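What follows is chain A paired twice: with chain B in the first complex and chain C in the second.
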Partner chain A sequence: MPSGRVGAGMRPRGLLAVRMRPRRPGLTAALVVLGAMVALAAAAPLLTPYEPLATDTSATSLPPGSPGHPLGTDMLGRDLLSRMLHGARTSLAVGITAAAVTVGAGTLIGGLAAVAPRWLDGLIARTADVLLSLPLLVVVLALAAVAGPSTRVVIAGIAVTNWMPVAMVVRAELRSLRERLYVRAAYGLGLTRRQVLWRHLLPGAAPPVAAIAAFEVGHAILTESTLSFLGLGIPPNQPSWGNLLTEAQSHLLTGEWYTVAVPAAAVIVTIVAVNLVANAVGGRSEGRSW
Partner chain B sequence: MALPLIRRAATALAVVAALSVVCFALLDAAPGDPAASVLEARNGGRPPAAADVARLRADMGLDEPLPVRYARWVSAAVRGDLGTSYLTGRPVTETLAATAPWTALLTAAATLLSAAGAVAVGLVAALTRRAWLRRAIDGLSFVLGGLPGFVAALLLLYVFTAATGLLPSGGVGRPGEPVTPYRLLTHLVLPATALAFGHHFGIYVRLVASGVGRLRDAPHVDNARARGLPRRVVTTRHLMRPGLVPFTARLGVSVGTLLTGAYTTEVVFSWPGMGRQAIDAARGQDYPVLVAVVLVTGLVVVAANLAAELVVAALDPRTRAPGRPSMPTDPHPTPGETAHAR
Partner chain C sequence: MHRRPVLTALAAMSVAVVLAACGQDGHDGGQGGTSAPARDGTLTYALGDEPETFNPGLQDEHTDPVTELVFRGLTRRDADNKVVPALAESWQIAKDGRSYTFRLRKGLTWHDGKPVTSDDVAFTIETVKAAGADSPLARNFTAVTSVTAPDATTVRLELERPFAPMLDAMAMAVLPKHVLNGKKITDPDFGRQPVGAGPFRLTAYKPGQYAELRAFGGYYEGAPGLEKIIIKYVPDDSARLIQLANGEVDAANLAPQQAAKVRGKRLEVYPTADYRALMFNLTNPRFADKRVRQAMNHAVDRDAITESVVLGYGTPAKGPLDTTPYASAPGFAFNPARVTALMTEAGYARDGQGLWARNGSTLRFELSTFAEDSLRVAILNVAATQLRQQGFDVVPTPRPRDWVRRHWSDLEVFVVGWGTPYDPDTSVYGPFHSSEALAEGGSNFGSYDNPAADKALEDGRGTLDPDRRKAAYDAFQQALQDDPPFVWISYLKAINAVPDDLTGPRQRTLGHHGYGFFWNAETWRYR
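This part shows the complex of A and B:
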């Protein structure tokens, strides 16, 4: 399926070059936004003089634009800009780590299914089917409740409930690639199984996996923020976008809308940007879905 | 028809079995001694005597080996006994019976809103000749794809309650007041809307639009138009009936999406349903209630998926033909979309 696109005299320049056509303002904007997010999150301690947990009783509930506190402060006098930036660190790190673990596990399981004997392949496929039929966010939620709130539990929960699509795509890709002429030629030329795997099979399966991986990042950020919002994700003392929203919830009715709006906007913008990139990597231009 | 039906039922049974294992594992792995927790709840918070705990442990079969415990739990669950709440000391089924109808009401309202909205918007996107309108709908559904349900709920809460005071902020009415249909409706509007137009809505719009859009210039539709059939008839009978099959298939899955989304929506709007009960139970470490809600949610989801498959089989003759692959529910499956729908 994907390699059909590669033909027609086009030489891929690098892994994703094939799939990213030039002049796509949406994609460019998404990449710029994500780049900025990551840079801001990485540079958080340099950008704000305040500790995200430091309280200041002389400056509580300041509105945005107050001197020294561009986004204002919360009820305990904690600087919201600092909390946002440190929250971005947590949310992005958890999202990316969880997606990486998910894709890694999915690739391993899918690769195993592709080469496994029939019964094991069938067992993996059935397990994936059954898991996909369960309301997984609810299961993660219960898992987090039983295990107690912690970053590690969030990441593990996301991986355990999301590896299936990755595994299914990897398995299908490997199975189809294995029969391709160039792969059989590689065997014919005397390459070992390992060489074929690393030089031909895995690079061939990379583009569709990259697309899923990008979606998984968005999904992981969504799941993390939901779990944290419910008090079952990142421990409440650590700022993350979901935790900020939990605290802000009670301020909503008293008119301090910005405490909700800022982290909410960050979550939405990030997920939309990630999905835009994922769509582009997946090779389907957005806006052309029908 | 019979054989695929049996296979589907068997798959559903396997899912239920897996669900029971997951639920039992959660309950079994939960920290704390269930017998002590139950006794403490019944005594009104006083720590129970060691002898009583030991007696109840034996009664509950907690000292038996793992397979026996699992078998006991399953047979009790089948008979409608899901254990005792650690917080209230009352049977879990009582709590469920009190909260489940509210969740059912909220989910049903959201499903209706969501389906009606998706069909309307999707039809416009599929049938309009105005490119900008199509692009606007596409962009909107894409942005909605990044909107977590609880954020949607918070935004609605701000706009309609905090800023304008148009609608009540949550619950189902003031305590002590009778619940009239009108009052119920005013309390239902916001949570149902928040739940209906979450991140799955964009996927529905796309499904409707792609399902109907592919048929817009199909021969049978041209034929119907050429025969001079009224536009309404062409749209409903020749475009919508076959074009909405993928969407209908998806609606079954949507029950699970909405039930899951109901957890956060109910928390934001203090809706007295199962979801909020589960979150309260999770925060209060009331594991029997939490696991019971997970179990019920899972059972409903499995039933809804099965029902959707049967409806699709009734609507689309191709899925009934033996030996042929069933029609794909989504002509352009994007991995992330299915991931988000979960």
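This part shows the complex of A and C:
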């Protein structure tokens, strides 16, 4: 497949110096899927005449393929396509925002650890170790249970439990880069610490961070679904993939299988696509797997 | 390592998808081996809710199956929910309605072999009355001034004023004095290992799993027909259906959409007094005008809700007493023309978006309910859509139960569930009398205050004359029609699947959650 050419022409500089590895099978497909998901989510109100919350007692439990309802309707006659599209908005927005917050916080903490005095560095590393040793879902569940379900809590919960790998990677990268010859040369040429940080250190650490960031998007989407499925994520009634699954779980055996299958498939397809992209961005083949 | 839970969640989702796909076709295939439950006189019944305690002194008039099977009161209700003798074989009521004398049956025994005496009855009433807020049923005994036990089988109650529901209230279980004496009524041990005088005794209880009951030979009507009843707590609807299909349980409480999926069982579908309605918070000035509340009652298509949300397993509601002998509420018909007329009369006009507005702002309100209750959320969403179509700016917002419990007074409109099939006073005095308002600590959560309704409620509980009571509750229902506290939605039906060869279950109008299904379980047996 000519898919290997994707990104071949890209040679951005500085912080965006993320190299796409060519000849990765499926990468094009993954990018197309993700692009389509984002486009569909963004254009949701234009693509369906139905409100995601509007019930229709004269069109309940229609199977997929019914006229006017390509994905069918649920027990209350709500259009599943509309709910999926609006759900994608929530799920993708939460995923991307949470990943951004996680990576931002992780980079900041990691950078701080790299330049901080030994005691602070140690404190950050130990804190990260402790958090890494706790089952992540337990921490997020506790947070969600205390603060109540809301989009902000979901994002905060994901960030609190996921900044550690980003911070550790940033810290390690900065420390190793600092000793490199070209960095020392830059100091030698009279660049200030800040200039070195921005021109050399951070761009150098960008590729591994970008890979983690991509993973975090997928991970955040999955965490949102899990939390919402457990009733602790996105407030009930606001469509999100996780909430759709929650509502559909009681219809597993009663005929409306598609109300479960469609959102579950959307979550799985998105995660797989995100992981493919993340692997490609990461470059090295030792990327994390799920 | 820390990724494991997520992996599990992903796996669970995949399994869910596979299960869902199998659910459609695979279901019938599994039915062959299901119709041979153990025939040793055991009935295993799966139920969603588990009570916090089996102590009837801490429950309201809707007792869960275990408590119902373990205990008996002086009176009980028959198939028509009329009061009939139970532990008491007879009673006399003084002409002025202020003195009751009950005569107990001879030879009554507790499950531990001790005799049931009038002392136990007096102890029960005094304890529950003194428990106050701990015991919901304490409200039935506020008029009682003294309880005496002149001899071992006689109990006399003196009341400061006539209280019509008294006989019905005496259906409350009698508690064993010799077990509870000196302990608090909230004693957790008694709530888990209750001793009663009912047809079954509790022999094992695993919280969160099941309760096992065995026939009590010393029951006053003779030993029951079934050897053993196991009540299994299975909160998940789908899990109950699976367990019923694969023979893990013989009988189960089912959700409406599951009824059509059951094979090889008999469905017992009974009416209940359990209704759903949209309650207005009347401390909110936007709902002060009764024409707005009437209009909203006309804006809801109850037939469509009953057909879609509960798939016909319900009846459109007209008022709070529809399934009792006192039913007389005219109810509201779905009528968009009436909505327009009433809202216009109340000074509202449709704005650019077709929403009713006055002085530049729409009649915007939050419609909420317990987010954990899928039926209420379904009603919320359908009602919100219908109200919106009629121009009401509804924001449907289910809230977590804990949040609601902390914010009763902040709610705007809320999907409530009320109604008991027993004495009408029990059903309506709490939710609608102004003295029971939320601020007073009562169960009138909407702070409804209607002098005509108050007077009718007082008349209804203050007289023992059947005709005057009927007249009082007619007047009460008319008062609610004129000045509606709720948007009436639907009564629910209880659906229970039982083995084909089980005889005995008999239709009765059941209570909240469909409680009361086991009301005559001592007569059940396998053919």
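Things worth noting here:
Please note the rule applied: the second predicted complex is superposed on the first by the 263 of 290 C-alpha atoms of A that agree within 3 Å, B and C clash if a C-alpha of one lies under 4 Å from a C-alpha of the other, contacts with A are read in each partner's own complex, and residues count from 1 in each chain.
FYI, contacts are C-beta pairs under 8 Å (C-beta built on N, C-alpha and C of every residue); 3 or more make two chains touch, one makes a residue touch a chain.
In this text, all values refer to a predicted model and were calculated from it rather than measured experimentally.
By the touch criterion defined above, A:260 reaches both chain B and chain C. By the touch criterion defined above, A:95 lies against neither chain B nor chain C after alignment on the C-alpha atoms of chain A. Once the two complexes are laid over each other on the shared chain, residue contacts for A:72 go to neither chain B nor chain C.
In the superposition on chain A, A:135 contacts both chain B and chain C. Touch criterion met: A:229 reaches chain B and chain C at once. By the touch criterion stated above, A:271 is placed in contact with chain B and with chain C alike. Shared-chain residue A:219: touches chain B and chain C both. Residue contacts after overlaying the shared chain place A:110 against neither chain B nor chain C.
Once chain A of one complex is fitted onto chain A of the other, the partner contacts of A:250 are limited to chain C, with no touch recorded for chain B. More residues of chain A are in touch with B than with the other of chain B and chain C.
Across the two superposed structures, the residue set of chain A contacted by chain B and also by chain C is 132-138, 148, 219, 222, 225-226, 229, 231, 245, 249, 252-255, 257, 260, 264, 267-268, 271, 290.
If you check the complex, the residues on chain A that touch chain C are 53-58, 60, 75-78, 132-138, 148-149, 219, 222-223, 225-226, 229, 231, 235-237, 245, 247, 249-255, 257-258, 260-261, 264-265, 267-268, 271, 288, 290. Per the touch definition, chain A reaches chain B in the complex via residues 126, 129-139, 141-146, 148, 161-162, 165-166, 169, 208, 211-212, 214-216, 218-219, 222, 225-226, 229-232, 245, 248-249, 252-255, 257, 260, 264, 267-272, 274-276, 278-279, 282, 284, 286-287, 289-290. Taken together, the chain C residues at the contact with chain A in this complex read 1-7, 9-10, 13-14, 16-17, 19-21, 23-24, 27, 236-238, 241-242, 255, 257-258, 261, 301, 304-305, 307-309, 371-372, 374, 377-378, 381-382, 384-385, 388, 396-398, 400, 402-403. By the touch criterion given at the top, residues 11-12, 14-15, 18-19, 22, 26, 29-31, 125-126, 135, 138-139, 142-143, 145-151, 154-155, 157-158, 161-163, 169, 199, 206, 209-210, 213-214, 256, 259-260, 263-264, 267-268, 278-279, 281-283, 285, 287, 290-291, 293-294, 297-298, 301-302, 305, 332, 334-340, 342 of chain B touch chain A in their complex.
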